[in-house]
Structures are given as C-alpha cells and as structure tokens.
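Chain nomenclature is as follows: A, B, C and D, assigned in order of appearance, with residue numbering initiated at 1 for each chain independently.
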C-alpha cells in the first residue's frame, strides 16, 4: 500500500502539515505540496465540440503520481470555511481527466482510500469544518473512493496545533495503523 | 445602490450565467467573469515577519472594483460540491487584504449585501448544494456581510437550466427587486 | 395519486399549516395533525430476543393510512433547529414497523414521493433549516423514498408567513402541479 | 462543578450509554434516562392569549434537576439521522419554560457547558451524524450554552461500540478531564 500526502496549505510548516507529519512519522510516503506546483484553474470544455485541450502545467504529472498511490491523505487548512483554493483546483481538474481516455480515472479513484486532515482556528473548526467534511464526503462518494476517516485540529499560528491533545491522540492512532499497512 | 455580478464559472454562456442574466435583465450592473482575470492562489504570509508581499496580477484592481459596489451577486456552478476554484481563490485572497492598511476591508465588506446563485445537475443540487450554502453563510457571517438570499438552479448542458421553472420564477422575483433598487 | 398532508406543528393555524393549505388549495387530500394523535415514543427492542411488542396508541392506524397515499407532504415548524418532537416520533416508530412482517414497510416507502414544508423565524430559516433538510434527505434516501422538493417559509406569529412572497410563489407552483396530479 | 448525564436512548445498556459510562467512570454525576420519565410533547401556546398551561408530567422536576448542574453530557443514538424523539421533546419543552417567570431559563442555560455523545451504525455516523451536530451547535448557540466537544461512536448491537478504538480513546481523554473538574 503506497501512501501519498497531499498538502493544500499555502504556507510551509503550518498546522495541517504538522499533524500530517505526526500521522506519517516513520511511515514511507510521498509528499506533495500543491503550492509548489503550477496548477491552472480548469477551463470547462465539457460541452465544447472539440472537448478539453491539453494544459501545459504540472497537473498531469501530479495526477499520474497521485494515481500510483493507494492511500491518499488530504491535508488542508480551513480557508474561508472550505478547502484551500490550491486543493479545490486539484479536484476541479479531475473533470477534464474523467473524459481523457488515456486515464481510466473513475475506476482508479474507486480503488483508493482517503483520509482527511483539516486545521482551523476560530470559530471552532470542530463545528465550522463540518460543511467541508460533507463536501469531501460527497466528492469521494461521487467517485466511489473510500472515505476512511477525518481529523480536525485546532490552531492558528504555526505550531499552535501542538496544544490540541485530542488531535494528537488521533494522529497516533492513525500512525499505528499506517505503520502496519 | 450599485450592483456587481461576479461569475465563477470557467465557461461562458453556462447555466449560472443564464440565471444571473435573467435576474439582472434591464438592471444596470457591472459584470466580471473571474475566468477572464489572472488571479493567483494566495501565498499565506500571515505569520511571516515581513508579512504579505505585493502580488502582480489582476486581483487588486478587481477588489477595488468589487468594493465600489453595494450589492454583489455571486454566481457559481457547483464544481465538485463546492464553488469553482476561481471563486474560491477570490475569497482566499481576502486574507491578504484584511491585513492591508490601504483597504479597510472588513468594515467595507460589512456594508455589502450578498446574493448567491448556484447551478448544478446530479445529484440534485437542491440538496447537494447545501454544504456550499452553509460555507457562503459562514463566510458572510465572518465578515458581517448581509446574506440576503440564494437561488439553486438545475441544469448541466448550456441552456438546460431554462427548464427549471422554479428557478426562473425566483429570478423574476429578484429581478423585480433589483429593478426598484 | 392520493395525497396526504402530515402536519407536525403543535399548534393549529400556524405558518406551516397556512403554507400547506395554500399548496393544497382545491386539491383533494387527507390531512393529519400529528398533535391530535396519541403517539408514544419508541421503545427500541431491536436487540431484545422477544422483539418489539404491540403498542396501544394511534400509530398503527395512522401508519396504515399513511401507506395508503402516494404523495406525502410533511409540514413542520423548525423547533429547536429540527422537526417537531411530534414528527420525530412519527419517524422513530418506523423502526418497529420495518421489522413487522404484516407490513412490507421498506418496499412501500420506496414507492412514495415526499414534499417538505418548513417554517421558521430567527435566525433566517433559509440557512438555519438546512441541517434539517439534510436530515430529511438522509431519511428519504435510507428508505428509497423520492424527495421531490422542499419549501422554506419565514414567519413566527400565526399568519406572518403571508408576507413571505417567495414562499407563496412556490406554493402556487406546487399547487399547479398537485391540481394536475 | 456538578455533572449530569442525559440519556436519550430508548433502550438500556445501549452503545451511547456504554460510551457515556466510560466517559464518567469514577466521576460523580447524576444520571437521567429520559425514557424512564413521562414527558409529553409540547403544546405550543406562545401565541395564545392565555399563554402556556401547566403540564402534569415529569418534565418540570427534571428541568429543575437539569438546571442544578453545570456540565451536561447529552448522549443519544442516531435515530433516523437525528436525536431520539425522547431527547427532541426535552428540548421542545424549553420553549414553554423560556416564557415562565419562575425560571430564568435563558440566563441559566448560558452558564452551562455541553458535551455530546452520538452513536450510530450505517451509514457511517462520522458523516451521517454531522447534520445532528450542527443542530446541537445551533441549539447551544441560541441559548449561549458552551458546546465544548462531541464524540461519535460506531456500533449497532449492544456492546458493538467497544470495537471503536477511536471513540474509546476519546472517552478516556474526556474521563481524565472530568475527574479533575
């Protein structure tokens, strides 16, 4: 089982990254910071006769890498009560590749297991992140991906999440599981 | 009262645009297609000593234009059970300008009235768009913007929303209101 | 197509009833005020060897009546951000009858079409009723009942909902549909 | 700090009770099984000239007992994607007492801290319980009660929740906290 960590934050060393590192301590995995990639917004050509056109950015390479893993850990801070724009764009671009015959995207997505890490601050993310969890649930359900579990951490300034004992308790539980995968 | 239509779709002549045009028939307004603008993803420097740095794209000009209006109609298709990446990025960038002394962003946002148009197809957007409506509600509440009303239209291919009689009934109600603003 | 109106309010002549009457103007239908019935809370005996025991109240008769209709309009005020206790108890008791061989409850529920009317006041029910709509959606999905549409009205004192022009616009649309059923 | 456990299940020895007992191991507390009480559905007389009338059941005594505690742990199974009818009725009746001058209900509720335990089975309660958590959040926010935390356990048959290691990890965390209250 190959594990990929997909980081949606627009800053390094933030709280969602910190929780993810704890989850993956001593666990072999691939790590991608979406922010390090050039990923354009989707141009919807589903209803254009010529269909989608090739986009010259880092997305296709990233998608191939993504599809080579079995377990995906999505980690995003709660930005404006949703996932980061970086991560939203990652999902939006699926719409193009679902129609690309070179990829059997829908079938491949259905084989994957998803974990979700969200960090936020005020108002309490344990409540304010719930619509986002519902959105991820709907996304995963739509493509038949298994949504195993989610973890909500509280923190604003870098490092602050360390004081969220419950979040760290859960990272340890996940870590045990991932070590024995 | 100056009205702005902010279109989040990544294609022209789509269903959310069609509903918005109906809402604003014979109503003077400014129209912005986010897709026509170059808007970079945010780089979060809230916790960097030097703070945010100037970004060279179309956002600042757009934000000034946005702030010059009293009523904002946000129109977005439901992409992966959320607003489009284009529109999400629009909100994410607020985080930089909330800390920019040249703008009194929070105070100005609190004076605005927001309307929301969402279009989707399957599963039924009347239910699947609800987490997104909650997200918009949370955003508007956070900045004290008045969330007047929302409208959910059903349609996939361009023009399909025309068959959604309820949505069009509501556009007429909004249109009457905007004509007398 | 036989239509039943199931009223969950604990007072007569309230706003949810008023909207429902407008929806069903000149439409033959059966009307039940849950409040007029004696319906006990469920006693869960799913995991008791002897199973559920017969309950001596009005529920079984009501359930038979309910099952004799094709379209059900559920109307409830938003009490504490949920359906009324009266209506919740109506659903809870399904758990007993799903295990009662005399009824083929699950199969029969799957044939029905559901409409939902919710009325509330402050905070704005257009947002605060959304978790309840999600709950109804989940209930209907669980039993394969078709959730056709919902309608949210705003009003507190009896009659106040009359000023909600959008709600009344929608009642007329539904009314046209039900007249031609 | 006096602690009350309010159990909403309609069966004894169920999973929500089991989690609650683990949370309160060796912690002095008052325990009330709503199912053991006679609590009538509310009769809404907010807009009746004469106002609410005295109801002859166990509610008023229970409410007094409730108000004598500082921390309330609400424990309910997920029945039809909501709290049990028993617990819903408990909240509905607040509407009468908010208008009863003998009680200073709103002010007193604002002093309390709430914890929430929900147990469910299929579909996965970690997602299907979210609208209910939003409802509790809205209730507590409406009366200014502090919603400290929630815990979702998975299990159907009595005892099944024991296999939910994450839920039990969290009960231990809460237990430590309550021991030192």
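Things worth noting here:
Note that a contact is a pair of C-beta atoms (placed from the backbone, for glycine too) under 8 Å apart; a residue touches a chain by one contact, two chains touch by 3 or more.
Listed by chain with UniProt protein names: A, B, C, D = Flavodoxin family protein.
From a predicted model like this one, the values you see are computed outputs, not experimental measurements.
Counted by residue number, the contact pairs of C-D are over half the same as those of A-B, the matching pair from A-B, A-D or B-C.
Taking each chain's centre as the mean of its C-alpha atoms, the one that lies farthest from the centre of chain C (Flavodoxin family protein) is A.
Note on chain placement: the centre of chain A (Flavodoxin family protein) and the centre of chain D (Flavodoxin family protein) lie 34 Å apart, centres being C-alpha means. The mean-CA centres of chain A (Flavodoxin family protein) and chain B (Flavodoxin family protein) are about 24 angstrom from one another, to the nearest whole unit.
The centroid of the Cα atoms in chain B (Flavodoxin family protein) and the matching centroid in chain D (Flavodoxin family protein) are 39 Å apart. In chain A (Flavodoxin family protein), the residues touching two or more other chains are 134. Listed by chain label, the pairs that touch are A-B, A-D, B-C, C-D.
Touching chain B (Flavodoxin family protein) in their complex are the following residues of chain C (Flavodoxin family protein): 124, 126-127, 130, 133-134, 137, 147, 149-150, 165-166, 169-170, 173. Put simply, chain D (Flavodoxin family protein) touches chain C (Flavodoxin family protein) in their complex at residues 9-11, 14, 35, 41-48, 77, 79-86, 88-89, 91-92, 94-95, 128, 131-132, 134-135, 138-139, 142, 157-158.
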